[in-house]
Structure formats: C-alpha cells, structure tokens
Amino acid sequence: MKLTKLLPAAAALTALPAMGFAQEAGVDAASDTIFIFNSLLFLIGGFLVFWMAAGFAMLEAGLVRTKNVAMQLTKNVALFSLAAIFYYLIGYNLMYPLGTWSVDGVLSGVWGVGVLEAVGVARDGADDYGYAATASDFFFQLMFCATTASIVSGTLAERIKLWPFLAFTVVLTAVIYPLQASWKWGGGFLDAAGFLDFAGSTVVHSVGGWAALAGLLVLGPRIGKYKDGRVNPIPGSNLTLATLGTFILWLGWFGFNGASQLAMGTVGDVADVSRIFANTNTAAAGGAIAAMIMTQLLYKKVDLTMVLNGALAGLVSITAEPLTPTLGAATIIGAIGGILVVITVPLLDKLKLDDVVGAIPVHLVCGIWGTIAVVFTNGDASLGTQLYSIVVVGIFTFVVSLVVWFILKALVGIRVSEEDEINGLDKAELGMEAYPEFSKG
Amino acid sequence: MKLTKLLPAAAALTALPAMGFAQEAGVDAASDTIFIFNSLLFLIGGFLVFWMAAGFAMLEAGLVRTKNVAMQLTKNVALFSLAAIFYYLIGYNLMYPLGTWSVDGVLSGVWGVGVLEAVGVARDGADDYGYAATASDFFFQLMFCATTASIVSGTLAERIKLWPFLAFTVVLTAVIYPLQASWKWGGGFLDAAGFLDFAGSTVVHSVGGWAALAGLLVLGPRIGKYKDGRVNPIPGSNLTLATLGTFILWLGWFGFNGASQLAMGTVGDVADVSRIFANTNTAAAGGAIAAMIMTQLLYKKVDLTMVLNGALAGLVSITAEPLTPTLGAATIIGAIGGILVVITVPLLDKLKLDDVVGAIPVHLVCGIWGTIAVVFTNGDASLGTQLYSIVVVGIFTFVVSLVVWFILKALVGIRVSEEDEINGLDKAELGMEAYPEFSKG
Amino acid sequence: MKLTKLLPAAAALTALPAMGFAQEAGVDAASDTIFIFNSLLFLIGGFLVFWMAAGFAMLEAGLVRTKNVAMQLTKNVALFSLAAIFYYLIGYNLMYPLGTWSVDGVLSGVWGVGVLEAVGVARDGADDYGYAATASDFFFQLMFCATTASIVSGTLAERIKLWPFLAFTVVLTAVIYPLQASWKWGGGFLDAAGFLDFAGSTVVHSVGGWAALAGLLVLGPRIGKYKDGRVNPIPGSNLTLATLGTFILWLGWFGFNGASQLAMGTVGDVADVSRIFANTNTAAAGGAIAAMIMTQLLYKKVDLTMVLNGALAGLVSITAEPLTPTLGAATIIGAIGGILVVITVPLLDKLKLDDVVGAIPVHLVCGIWGTIAVVFTNGDASLGTQLYSIVVVGIFTFVVSLVVWFILKALVGIRVSEEDEINGLDKAELGMEAYPEFSKG
C-alpha cells in the first residue's frame, strides 16, 4: 500500500492530460470514472480481505485439537468483530492523523456522520475527488487491521482465556496496529525515511507475528508439548479445514496485495494491479512447492501442513513488494519464504516456543524476509532503511504487546487452569463442543 | 433495493450535465460507462449473493445432527436450483409486471429470447440504456428469490419430507415471493405508499421467516425436543461448518446490500455503495459482539451458535436501510438485532416452536426490527407505513404459506415417519450418510 | 473464450465511432476505460477460477475415504502450484506462439521481464492497448490450465503415487494443455476450421477427462471396487465437503464462462457477460434437478452425490456455448448433461473403470455433449467441425497422456503397494492423517 492520502491526486493527474475548456464535462466524466474504479478496487479488495478472516478461522480450527475447535472459532469471529468496531472508533483516525483526530471527532464518529461521506455525495462534496470514496478506503483499511489481529489467535490457541485474548485484540486494533501503520501509511517518519512496504509484510504480518510472540513468551507452551527434553507433535484435528483455510487466504491475498495499489483508474494502475495478481499467485505457488520439496528431502515424506504454510509463507514474502518483481523473481522470493518456514518451525520448537499454527514462521519470519527482499527488485529501496524500519516496528510492537500481556496476566490471568486445558477449552469456557457426535479415537 | 425500473434513468441523468452537440460521442461514452458499471455491480453482487446459498447450506449442515446432514445438503442444492428455474419461468415476470407478463411471454421465455437481451446488443437496442443489462438485473434479482427459499429450509430441518418441501419451494419462488416483492420493488402499492426496504429486511428475510413459521406450525417440533415440560437442547453436529456458513453469508451480504444500490456509475452511487459495505460490516460486528456479551451475562458462558446468529441478526437488521445510518448507528442497529436473537430463541422454545437453526429469530424478528429501524436514520420513512407494510406482507405470506403447507400435508403428508425421523433422514430418504466412516459418540 | 489476440482490437473499435480531432483526449479516456474494464474482467474472472482449485480440493477430499484425504488435499495444492509455475515457464508461450516463444524468451521469462508488461506501463507502451493488461490475461489463462490439471486428480485418487502424479501434472500443464489449446485459442488450425468452444468444454474439460481416462487405464481400479463380478460402492467420507466443493465450483464458473467473453468495455460486451452469467447458472440448476429426478426414478431415492455431479455436468455442458442459448435452452442443455452423468456413472463401472469422483462422466462426457450442443443455438457452428475437433483434441490428448503414463509406470511405477493402498495413502506416503482424532466406524 502506498501512502494513501497523497497518491490519488497524482494518479488522477497523470490520467488527465491538458484539455481545453470545451471539454470540461468530458474531463469530469473521466475523473468520475477514475473515482469509481478506485472505489471499486477498494470494495473488491476489501471483501476479498474480509474473506481472509474466514480463512484464518478455518486454518486455525483445522490445526487445533477437536476439544478446542469451538473456542478457536469463537475467538476468530469475535476478534474480527472487535477489530471492526475499535478500528472505527479509534484506530482509523489514529492511523491517518491528518488533523482529523480528536475526542470530538471520535464522538461525532460514533453518533454523527463519522468517517463516511454524506449519502449520495456530489462530485464537489467528495472528500477526495480524483481518488476514491472515503467509505471504500475505510472498508479496505479496516480489513488490514483485522488481519493483523487474526494472526495472533493461532499462535496462542488451546490455552489462552477468551476474554483476556479479546482485551488484547482491542488494544492491538485500536492502538498498536494503527499507530505503527501511521508511521508508514499515514505519512509518518518511516515513510519519510523511504521505507517501502507495499501491502504490509512488516506493517501487517510482522506486527501480527511480534504481538503473537510477545503473548507466547508470557503464556508458555501447551501442556505436554515439551516433555522430558522431547518435542511431542500435536497434530491438527482436521486437515481439510486447514487446506480450505489456506485456499481462502490465497484468494483473499489477491485483494490484499492487488488493491494495495490503491488505484486502477488508469492504464498504468490497472496493469500494475494485474502484475500484482500474477506475482502474488506465483509466489504462493513457489512457497508451496519449495516447502514440499524441502520436507521430502529432510523427512523423506511430504508434510501437508508444511505445504500449506509454505504457500502462506510465499504470500507473506511477496507482500512487501508484489509489483516490481518479474514472475521468476516473485516465484523465487516466495520459494525462499517456503524454505524459511520449513527451517524455522523446528527452530521454534528447540526454543520451546509453542506456536500452534506456525504463525510466527509464516508471518514474522517471512514478513521480515519479504521486507528485505524489496531491495532485490525495487531500485528505490535501501537495505538500511528496510532493516531500520523492521527493527523500529518490531521493537515498538513487541515491547508494547509484552507490556499489555503482562498487565493482563497480572490483572486477570491469561491462561486457563491445567484442568481446563486438559479437558479442552470448549467444555471449560464455552460449555459446548464443535463435533459433539463424533467419538474421539 | 430501490425501485428497479424507475431509478436508473434518474441516475444516468444526474451524471450527464447539459452538453453540446459536439460532445455527443463523449456523452455516449459516459453513459456507456454508467451502463457497464451498473451491470458490473449486479454481476458482482449477484455472484456474492449466489455464494450465500453455500452459506446457508453449510450453516444448516452444521446445525443439524449427522444423521440428517446429507438431506439438509440435498435440500439446499435442490431449492436453489428450483428457485433458479421457477423464478425464471414465472417469478421474474410476475415481480415486474410492467406489461410484459403473459402466457406467451413465459412460453417465449422458455423457448425464445426470454428475458435476456439479444447477444451483443447495441447501445440503441438495450432494454434499459442508461441503466444496466437486463440479464445482469435478472441474475441479481434471482439470487434474492433463492435466498428467501434458503431461509425456510433450516427451520424445518430434520423431519420434513424432501419432495413436499421442494413443492413448497416451487410455490414460494414462483409465486409468493415475486408477488409480494412486486408490491415494493415492482412499483406496486407498498412502494406507492412510501414503504422503505432497501435490500429486503421485510421483502426477503421476513418473508422467508413467515413461510418458515407457517411450515413449523403445520409440521410440529422434532421428536424429543420438548419432553415432560422440558426443553432438550439438540446441539449441532459441526460448528466449524456453521461458522464457515456464517462467514460465507457475511461475505455474500456485501453483495446483497451493496448491489441493492442498483447503480455505481456516478460519484454519488459508488460512494453510497461504499457506505453500505462499511455499514453492513459493522452491523454484523455489532450483532456478534452484542450476542457474545449477552450470553456471557445471561448464561455465564459465551455461546458460539448465538454469536454466529448474532452476526446474522446484525446483517438482517441493517438490510432495510444500510445506507443512511452512520457507522455508529449501524453498529447499534446490528447490536440490537444480536440482543433480539438471544432473547427470542428461548421464547420460541417456550412456545414449543422448534426452529432448528434459529431462522425465525434471525430472519423474521430481526427483519421486522430492521424495517422499523429505518425510521431512525431515514427522514423519508414513516413508522406507520413501515408497520403497515410489515403487517401486509406478513399476513399475505403467512396465510398463503399456511394454506400451501396444509394442502401438501393433506395430499402427500409433509412429515417423515417416526421411525425414519429417529433413524435419520439420510438413511431413510436418501440411503446414504454424510460421514459414513465416523463412528458416532 | 474467443480467440484471445485478435478480438480485442475489434471490440475497441466498435466502441469508438468516428470522432474528430478535437475529442482526441476524450477518445483516449474512452479507450482507457475499455482497457481497464477488460483487465478488470480478467482479474475478477481469474480469482473466481482460482477459487475453483479450492472447489476441486473440497469435492475430492469429500469423495475419498478418510485414509486418503490428506493425500488428496496435498495433490490438489501441489498440482495448482506446479501448474502456476510450468504454465508460466513453458505453457503460456507455447499456447500463444505469436513469434514470442524461444529458449531466450523462456529464460528471459524466468529472470527478466517475462510475460508481464513494465511497471506502470503507459498508454503507448501497453502490449495490447484497446484490449487489456497482459498480466491480467496471463493470470486468467493460467487458471484454465490449472483447472485442466485439477480434473485429473479426482479420477485417479486413492491409489496413485504422489510424485509420478505430479510429474504428469507438469507435462500436462507445460505441454499437453497449452499445445492443444493453441489450436483453438492461440489461433491455430482448429480455430481456422471454424471450431467453436467458448470457454472450453473441449479445450479444458474434455482434455482433463481424456488425460484422466488414459491414467485410469494404466492405473486400474481400487482394490475391492470390483470383486466377484460385483460393483462395491465406496462411499465418500464427507458429503458436506463435497457439497461445499460443488458450490465453490459453481461460483467459480461465473468467472470461467463469464470472463471468457474477454471484454466488458462496451454495452454489447457487458450485456453478453451478463447473459453468460444467467445461462451458466440456469444450466447448473437444470443439471442438478435433472439428476435428482433421474435418481428418484431409477433408484427410488435421491442421490446427493449425483445431484452434485449433475450441477457440475450442467456447468460443463454449457461451457462450450454459454452466450447464444436462451435461458430455456441453457436449462435444457444443462439438464441433458445431468441425465448423461446419471447414465454414464454405472456404465463406467460396467467397464471396470473406477473413476473415484465421477470426473470422466462430468468433464469428458458432458464436455463432448456441450461441444456438440453448440450447433443448436449458434448458427455459426458446424456439427462436422465440432465433431472433428472433439476427435482431434481427444486423440492427441489421450495418446500423449497414455504414453506419458506408460513411461512413468515403466520408470518409477505409478501405483502404491497393495499394503499402502489398504492402509491408506495418508499414513503410507505422508505419515499423517486428515482427521487423527476421529475414530473410524
């Protein structure tokens, strides 16, 4: 995603060569068209990224044990809903603090017109004529905030309490995500420094990963995962769901990366969106195939979970720069992501970091990799600035998250009792089962 | 959905300020563009609403017991298919009776050109130049008819016979839905009276709910649900499916409400579609969170099924007016929907109304609530007219449905035998199982 | 899909009536708009067809036994990924051999600019100004190639080895599919002969079917399927997944057929895309209902699997010509497809051809039927040319596939050991289970 508020005017201008007065109506029609195309891109991109919320829910429900499935589903529906509300109440105005944020603004946001333009807004009344409808932009940006929150839930599955987890989600989506996102996408200091992160390998994915890592350190591993110096694999209960989730995420990513072009009303913009679609797809393919070959070589057997995470790793890796690579370069960037995941998953286990779904390898490690990889295909990128930004965003997110997790732990506790964990969160916290009729093997 | 046939010309006009003769080609290009954008909105909206058919199928398959899953899936595929065929054969022409409906018309619809425009229609030959392609409109409208039918199947699950249910579906989609829809969207007397129902809280959702309620009264509760004065909860067999279904419906609702703007070829229209997307999303979030908090307060445990129904309740509630509310108002309208569901579900049980998936609380109760809520944010709405229309549509749908259900009961019976119900409809009526290899707990 | 490279200019021209010099900027704006609409059609169509990969995965995972589910999922993710890479490396240039294919081209494709246009390409620099962005076209075409490969995996499920299967996928997507597709869509001799296949009943679906049939003959039936002269039905393990897969495929087909119009920047084009959406939907409905009625008549019970395959059969049947039929004709074409599937499935069993998911009845038989049916509604079609093309494509694909399967069998073997087949491919080849916690009935 480029800088939201500054780009559109430029985009509109390039599409409108000097025209005489006699053609003013034509000019308006043309820039109406650009406005509509850009808004439409946000709407399509937005519903595709919305769909990723379902993808995370299915992926995570497939990778936990049956006794925790209903809880994992509950968390995913609730975190998306909270993100929608708190990003609207606080986050959006915090992220784009162009003189609009104020207590008044938030309050009027709740009960008044809020961030949306007037109904049936006229050309002259549009907030950003030449760019896009404000509500379409808001809708799209909201989905990125929610995605960040989705990343956290998988890592901490199977032992975190519901309400403290949701409390963290509120802080993450209302404050942590929007604040650091404003540094890049809100025109802040990282943007000024030349940091390049097209659709958020760092701003979204690594931030989700850092927040998850902080939570993991406070929360500790699941009972029985590391015992007597050995790592006991805990297989996911439903690999069709995990595969479905991966396909959903892959689909949603076309919106995630593609609509981060933020414009499609000119020949150049729609051609760029098209490049991004093609590159995003091939990076995922590269990640899946690389992970498949790696597991065959290392373990003599293909590991489906790794193939799925390989595809996701490819997607995260290409997210910082899905536009400038060639198809070949995109495939390789994705493939390296897939390899990184296969290498990192056992490393985490050595550190006794029990990441249930592999979100840290996929979103944090490959988020960093993808951000660095920008320098290989985009001449405007500087390795120093990329690394500096990764570190700044990482330290901020990790430290603030750690503090929030500690506060939650001190105030209400974040981990269920040992008995509840063994019996499963579904019975203990929800009093229901995801699959009540299927007997357990 | 505004009045289909009258709006577009107005929309086109506002986009075309007075232009001289010399720019006629430019004018045509601009109104071509409007035509294309509007058609595209219908196509995107249409495929999103199509996707809701899958959402209902998954939601219902997840909320019935395993022994009835294959039957519930069969009903969902079959009802959508029948809706597609009978809305085309009869319903569409009945709904828009602008001098086109006739036996001849239907016959020519089957074997002749039918409702579709000619292949490669030229600007001058288009039925509604300045609006949209006829087939795109048909495609979109059809999906609303099918949605209405989908609502019924969940309520009556686990004991209704396949073929009588499908016979009712035919009557509903060929006659009941189109007739009452014509009163509002076909420019009929409710529209003339000033009734406002943007995307169908009443016209679609409450109609599905009334038809389901009529069926429920004739059909009776499942065996064992109400026994010795107690309500025995019968948990759904697969909550991941139910959650997936809810996410699918949520996604599809962007098309349902958003494309009911019926136009996106002008700045004002696309900004409105964007508002609708944002409001639809936040209403669902409000409904989910409200239901979550309510169940925590009332039952000391969060209930996932209620959270899911809460999100759907929020969606139904915002459907009558997704445009004029602010984000805050939309959230609250949705949240009240979520609260209504949590309150209504046990009330139905007290009345021994055994609604398997909660379709009556979600679609009927919140459909009524949403229709009333229009008056809070849309100055053109009159509470009296809204209530009058709710009652007119309700009485018509309920009475006609009741008559049809009674006729079906008298002619062929609508309920399976007690033995078949206990053994499950899958074995009895289909001779197959949804999950043949999983042993039952 | 019409001939890709020749159509667009014509489409652009019809939209641009003679205009004077003074309106040149307006002309450019208009043809920019066409370029954007066409590219957008490919992007939307492309992501919908991508989604079909998930549909095939779910359908197949639902129709195999639990012991082979993880393997079937692995194959589906891997085959899509390989298709993405090899169609890019070799296939695309082979399919559109308009002077661009060369060793150099492929190599530069990998490491250089490849098939994509420059970033932010200007109007004058676009490969096909007046048509669409090259990357959008590539993205869309790629998905068709991947679909062809998806068809094969279902037929051969539950006994084929992973790596030989993937090796075949590489040959299919790099060479077999692109080569024969170039004969029609690359402007080759079948196109010159007047062969009509709008979106690929023959070019995609029958090709997948022929390749699957060849593999089936070399591979043989599953152990226990045909025993003592009897056919033992082996029911699918999860019919909700199979139903979900069918709905996904149905949804994706709107992109598959609709975007094969290849243009939507004019009134005529968008009206045609709309016709195609409506016809595609009704054909699926016709197929589902026909199969439902047929199974009721033949077996006295509705068969859900047949209903699902009936819907898919309707979709395949309308794919060769989704534009010219009326809604009535489309319904009937689809219904005949549904009937053909119900008739063909037991016929295959009589021939001891063990097609696990019914891909040959659906994609090969109905692919042929659909290709023939073009003559009923499109006056430009010649029965002789249609049959000739079916035979040419069929012989080529079948013979080459057979040779490749035999080579793979001779070199590495394509079938797992008897023990592995009985234990299931998941444990034997992957060392993991799809549903490890569910005990088997």
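When the chains are written out, they are named A, B and C in that same order, and each has its own residue count from 1.
In the analysis below, contacts are C-beta pairs under 8 Å (C-beta built on N, C-alpha and C of every residue); 3 or more make two chains touch, one makes a residue touch a chain.
Keep in mind the model is a prediction, meaning the values are calculated, not measured.
Trainee: Interface overlap for subunit A and subunit B, more than half of numbers shared or less than half: same or different?
Mentor: The interface of subunit A with subunit B is built from mostly unshared positions.
Trainee: When the Cα trace of subunit A is superposed on that of subunit C, what is the rotation angle, expressed as a multiple of 5 degrees?
Mentor: Rounded to 5 degrees, the superposing rotation is 120 degrees.
Trainee: Please report how many Å separate the Cα centroid of subunit A from that of subunit B, as a whole number.
Mentor: For subunit A versus subunit B, the centre distance works out to 31 Å.
Trainee: In subunit B, which residues are in touch with two or more of the other chains?
Mentor: Each of 22-23, 26, 29, 33, 40, 44, 238, 244, 435, 438-440 in subunit B touches at least two other chains.
Trainee: Can you tell me which positions in subunit C touch subunit A when the two form their complex?
Mentor: Subunit C residues touching subunit A: 22-23, 25-26, 28-29, 32-33, 35-36, 39-40, 42-44, 46-47, 50-51, 53-54, 57-58, 61-62, 69-70, 73-74, 76-78, 80-82, 84-85, 88, 109-117, 119-123, 126, 129, 133-136, 138-139, 142, 162, 238, 241, 244, 429-440.
Trainee: For a test of understanding, state which residues of subunit B touch subunit A in their complex under the given definition.
Mentor: These residues of subunit B touch subunit A: 15, 17, 19, 22-23, 26, 29-30, 33, 37, 40, 44, 48, 65-66, 235-240, 243-244, 246-248, 250-251, 254, 258, 264-275, 277-278, 281-282, 284-286, 288-289, 292, 299, 301-305, 307-308, 311, 323-324, 326-329, 331, 435, 438-441.
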